[in-house]
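After this come two complexes, each holding chain A, first together with chain B and then together with chain C.
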Partner chain A sequence: MAETTLEKKTFLSVENLLVQYKLSGETVYAVNNVSFTVAKGTTLGLVGETGAGKTTIAKAILRILPDHSLKGISGSVVFDGKDLLKLPETEMRSYRGKNISMIFQDPMTALNPVKTVVDQIAEGIALHQNMNKANARIKAIEMLETVGISADRADEYPHQFSGGMKQRVVIAIALACNPDLLIADEPTTALDVTIQAQVLDLISSLQQKLGTSMILITHDLGVVAGTCDAVAVVYAGEIIEYGSKEDIFDHPMHPYTVGLFGALPDLKKNVNRLSPIVGLPPDPTVAYTDSCPFAERCPHVAPQCREKKPHNAEVSQGHFVRCHLAGEIAGKAAP
Partner chain B sequence: MAKLLQVEHLKKYFPTSRGVVHAVDDVSFSIEEGETMGLVGESGCGKSTLGRTCIHLLESTGGTIRFQGNDVTHLSKKALAEYRNCVQIIFQDPFSSLNPRMTIRDTVTEPLKLSGRFRGEELNRESERLMDLVGIEKRFYNSYPHELDGGRRQRAGVARAISLKPKFIVCDEPVSALDVSIQAQILNLLMDLQDEFKLTYLFVTHDLSVVRHISNKICVMYLGQMVETASTDALFARPYHPYTKALLSAIPTVDIHNQQQRILLKGEITSPINPHPGCRFAQRCPYATAECTQSDLPLVEVEPGHFVACSRIRQINKDL
Partner chain C sequence: MIKYIAKRLLQMIPVLICVAILIFTLMFFVPGDPVQIMLGDYTSTPEQIAETRARLGIDKPYWEQLVIYLNGIVHLDFGESFILGNDVGEELLERFPRSLTLALSSLGFIVILGVPLGVLCALNAGKLLDKILMVLTLILNSMPTFWLGLLMILLFSVRLNWLPSNGIGGVEYYVMPIIAASVGSLANITRQTRSSMLEVIRSDYVTTARSKGLSERKITYGHALPNALIPIITICGSYFGFMIGGTTVIETVFSIPGIGSYLVNSINSRDYPVVRGSILFIAFSFSVIMLVVDLLYAFADPRIKASYAGNKRKKKETAETGADEQPAAGKEGT
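The block that comes next holds the complex of A and B.
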């Protein structure tokens, strides 16, 4: 399974991506040398906790980071043979919404409250596909029906829709121009479980129909298990473990990944106590240049973890772990 | 075990300009001392309103609430103050439920001061004991909420709730705003405190894996009504109501080799404003017939302790 996934043509390749923000005089090390690839037609899950840098990675790909607080960005984001980070802004604009689009986390705030939903979908279509207004409207209504909203509600405003329906509108906007890459940032976090199941089902069926590749950002390992082909675990702005879904779920190697699985209440097993990861998420204003960022919370910590940064080791084909002790503490099976 | 809280036919309606919202509509249940009852359902189904009505943060529209056998449905100001010594609440969002202008120490000390049970140096000793008990480190005693992370803030919320040694605590989504690694810390803390002080919890949450972990029994709500209630093990092993079945099947699991078939519901949750008679789930239910919307459905005991409100339960569940 893993080999077939990786052999597929990669068409997005992120290398040594580095993003820093400035925050009241301090530097925030949001993304630190992140590299990954996405193969055509597959889904990569970016998993991590609040503040790990997942959304910043997504926004860096689309170049929609806030200018006023951005301190520096470097590395490369090669999409379809071109480095997006080096494109002039005018050219970049033609990629956004057309080749790469994004589903934002909160459907309540992602939509314009004073425009009808059909106008919001038609806007992108008219811009990127050179259609006149009437045709764009027809296409927009088609999109609404694709996501399961009937045409007679097209001229309503976002506040007249429930949370699940708003998220469908956001999905319709994102998929309207048939993008090659869809970045979904916690697309179901704001939704209830039965609605979440509907929306995830919708995204994956549309993805299969249109052949779209996807980066799915989430903190929910259960959502990843149901939708992704490959998984990158993000901690303190670094990818600390990366591999196929089977690698990560069946053979998690990094103590943080193992800890995440351990902290989840299990539906099938009755355990009396959960095993939380001790301590707190790392301070993003600290640069972990000579140490492992997880060292303070790691149950296996050794002296070298505080002295040297672990390198990215390939423990089996396509399965990368950034941990000094990966070989020694391996073999912890998934729950 | 003695019944600590007994709620019968409880109703809470909110008048709005568009009609009356039936947030809680004829709900009955009881909680035994020392047990945890999980209350699950989707957003807007009335589970928080139910929790708050039980402890008089909201006044009920109808029905009765009994606490340790005494009727506490309507209380005088004085009796209410006494009731509040016994019941407490932990809120969902530790970012907005703590006063931003009070230090953690002040927040924990305030209820002690108001109770009049502690004076002078005792106050300090007791608040420090509480903060220590919930795992707040000394260096944070004089910090303000914005200086703390979500996990520590929620610990402060817990310390405040247990400060007057209540018997019953409504936990209103206490871990929903927290990251997974921190969520486990708070759940463990709540369970430890329950063991130590024989606390009784009403645990309101939309997260079914959390509720499975912490509860002895579970009530499932849909649009203000209870559709199924049973012991945790029975409910997860044999869900009978079509909504419970869909809800349980929709939980994303981390087992990539046994992904269960999700039951996908059609449509959205309907409005709780002036609801139609009959089963409120009927519009989304794959098994609904015309008779489902004709009259209100009672909860029926299908197995000892396992109650379901569904008129087609025997057609849907052949094993019953």
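The block that comes next holds the complex of A and C.
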């Protein structure tokens, strides 16, 4: 998306990212030609249902996709002027954890059960900031206190922490080296609702304090509304709508985005049934090269949707939609 | 932890008493007469036989013999060999270091070679190297120990005259026995390490480690391997226990005067005190090894350590990680 011009300086730009997995002989088209940019200090929300390819996008940026099932990856991930996908592995390592770091979805499994939490934080610090072990440990304990864990628990093991506390540790690991870009992959999905808000507040306040840019992956539109500047809606490994938070929330154009908002229960109305998006998520082993992947589930489907893949059209400044009928639906969808 | 060790050591006592009674009873009722074997079939008169039986104390009824035997054990007196007439306890202590040397060095051999090989296989899973090693381990695993031992003797002692074929002495005497005894288990440990590592290197915390920018070496040996150790420790432990008492085949093939050959010879000649003493000794060694294995678990996995330490911890947050693997009391099968 070379035509994208956000007012702030972009420092991460992903272009035509394509990731394919192999799964028992079949090809899984996980990410198909995804392009987006993140401006310095802003937050991009990647929204979509489970299996849409959000996590794969994130892991592709860090190049930590599982080797054994990866079939192919192409496109470019330009970070600070360098294409990360073309870097040799050793150079890429110096970016991981230092410039770009990631908060993982499930804090229960993201921590090594046989290492103390302080060791797991200090490890990255010692590596990237050329500190000796003792100093790294001091810094790691500071980090723990920053995320609200008292220093006397530093030498405990992950199994001695609750889920929310573990996620705090994961956040401390991710932010330990003041990364320029933080990728938060559904940081609150595995947590209790009461803890979710705390963790989100913690992430956003630290993000603002450190001036970190963030890619927030979520399927929770409420989380997006609270934290993001720009939003990309991911469906079947493609970004089907992309724009500022206002664009997406106030003028959703793609029928899928409209459906996502429609699926939210409205507290003001007394409804007996929720309104889900009909149908099932698309089959990832099918390459939608000459049709719209959403056609099967789309309430507005037209003949052309099954014959031609929609282009990425800019409907207003910085607001892109991949739908043949974008203009028409927008009018209908407005409540 | 100390409390736990003490508890386990105390638990050993009833186990060993049971083993002692069991082996005594078995040997008492097993057919075959030591006196007949000692004196031969034709030359001895009934008076001689009766006199010898009385001397060895095997003319008394079952209960009386059992009480005498148990009383002896309590005082660490394992009796005297029927055939050789020397003290069984002393003989065991003299032979034990040889079996221990054999067991320890072959354990070291399989760990030092098997674990890295398994890691190598896991890191190259599905590739040519992995496939070759897997086929190789399958072949090695299927080779009978005695057969391999005999082949090695044929090649290295008879043909090339490089290594001594039997007996004990310097390091050179142990080379072939160690290799012959280890090869099967080496293959086994390689396979176990491989599957254990494969499970671990695809887990989330390894991805976390990778996302920190750590080198693959640090990820493999610092994060993945420590988590893959538990099943490896189990195998090593039972292998070691097996080696202490069960290297009979190797000790016989290479004529090493260890515990295993002592036991086999004594069974053949119905030398009851030696059989009982050896079995009890093996059972004791096995119990100790199992205790060490359980302690190693705690060392390898803090979650297990926490379950040993019991309820002393005030700050027990949650128990969601489970893994409260209660160590099973060592079952002595010999």
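Just so it is clear, the second predicted complex is superposed on the first by the 325 of 335 C-alpha atoms of A that agree within 3 Å, B and C clash if a C-alpha of one lies under 4 Å from a C-alpha of the other, contacts with A are read in each partner's own complex, and residues count from 1 in each chain.
What we mean here is this: a contact is a pair of C-beta atoms (placed from the backbone, for glycine too) under 8 Å apart; a residue touches a chain by one contact, two chains touch by 3 or more.
Keep in mind the model is a prediction, meaning the values are calculated, not measured.
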| query | Do chain B and chain C fit side by side on chain A after the overlay, or clash? | reply | fit
| So, does A:Gly226 touch the first partner chain B, the second partner chain C, both, or neither? | first
| said: For A:Pro281 in the superposed arrangement: first (chain B), second (chain C), both or neither? | reply: first
| So, A:Leu23: does it touch chain B (first), chain C (second), both, or neither? | neither
| message | By the touch definition at the top of the document, which applies to A:Ala134: first (chain B), second (chain C), both, or neither? | response | neither
| query | Who does A:Met165 touch here: chain B (first), chain C (second), both, or neither? | reply | both
| message | Going by the contact rule set out at the top, does A:Thr50 touch chain B (first), chain C (second), both, or neither? | response | first
| message | For A:Ala302 in the superposed arrangement: first (chain B), second (chain C), both or neither? | response | neither
| request: Could you tell me if A:Ala151 is touching chain B, chain C, both of them or neither one (first, second, both, neither)? | output: neither
| field | Closest Cα approach, chain C to chain B, once both complexes are overlaid on chain A (Å) | value | 6
| query | So which bits of chain A does chain B touch that chain C touches too? | reply | 162-163, 165
| message | Going by the contact rule set out above, which residues of chain A touch chain B in the complex? | response | 49-50, 162-165, 192-198, 201, 219-223, 225-226, 245-246, 249-250, 259-261, 263-268, 271-277, 280-281, 334-335
| Which residues of chain A touch chain C in the complex? | 59, 62, 64, 66, 68, 93-98, 101-102, 104, 106, 108-115, 120, 123-124, 127-128, 153, 156-163, 165, 170, 173-174
| Residue numbers on chain C that touch chain A, as the complex places them | 125-126, 202-205, 207-215, 223, 226-227, 300-303, 306, 313, 315-318, 320-321, 323
| note | Touching chain A in the complex, chain B uses residues 42-43, 149, 151, 179-185, 187-188, 191, 206, 208-210, 212-214, 236, 246-247, 249-256, 259, 262, 264-265, 268-269
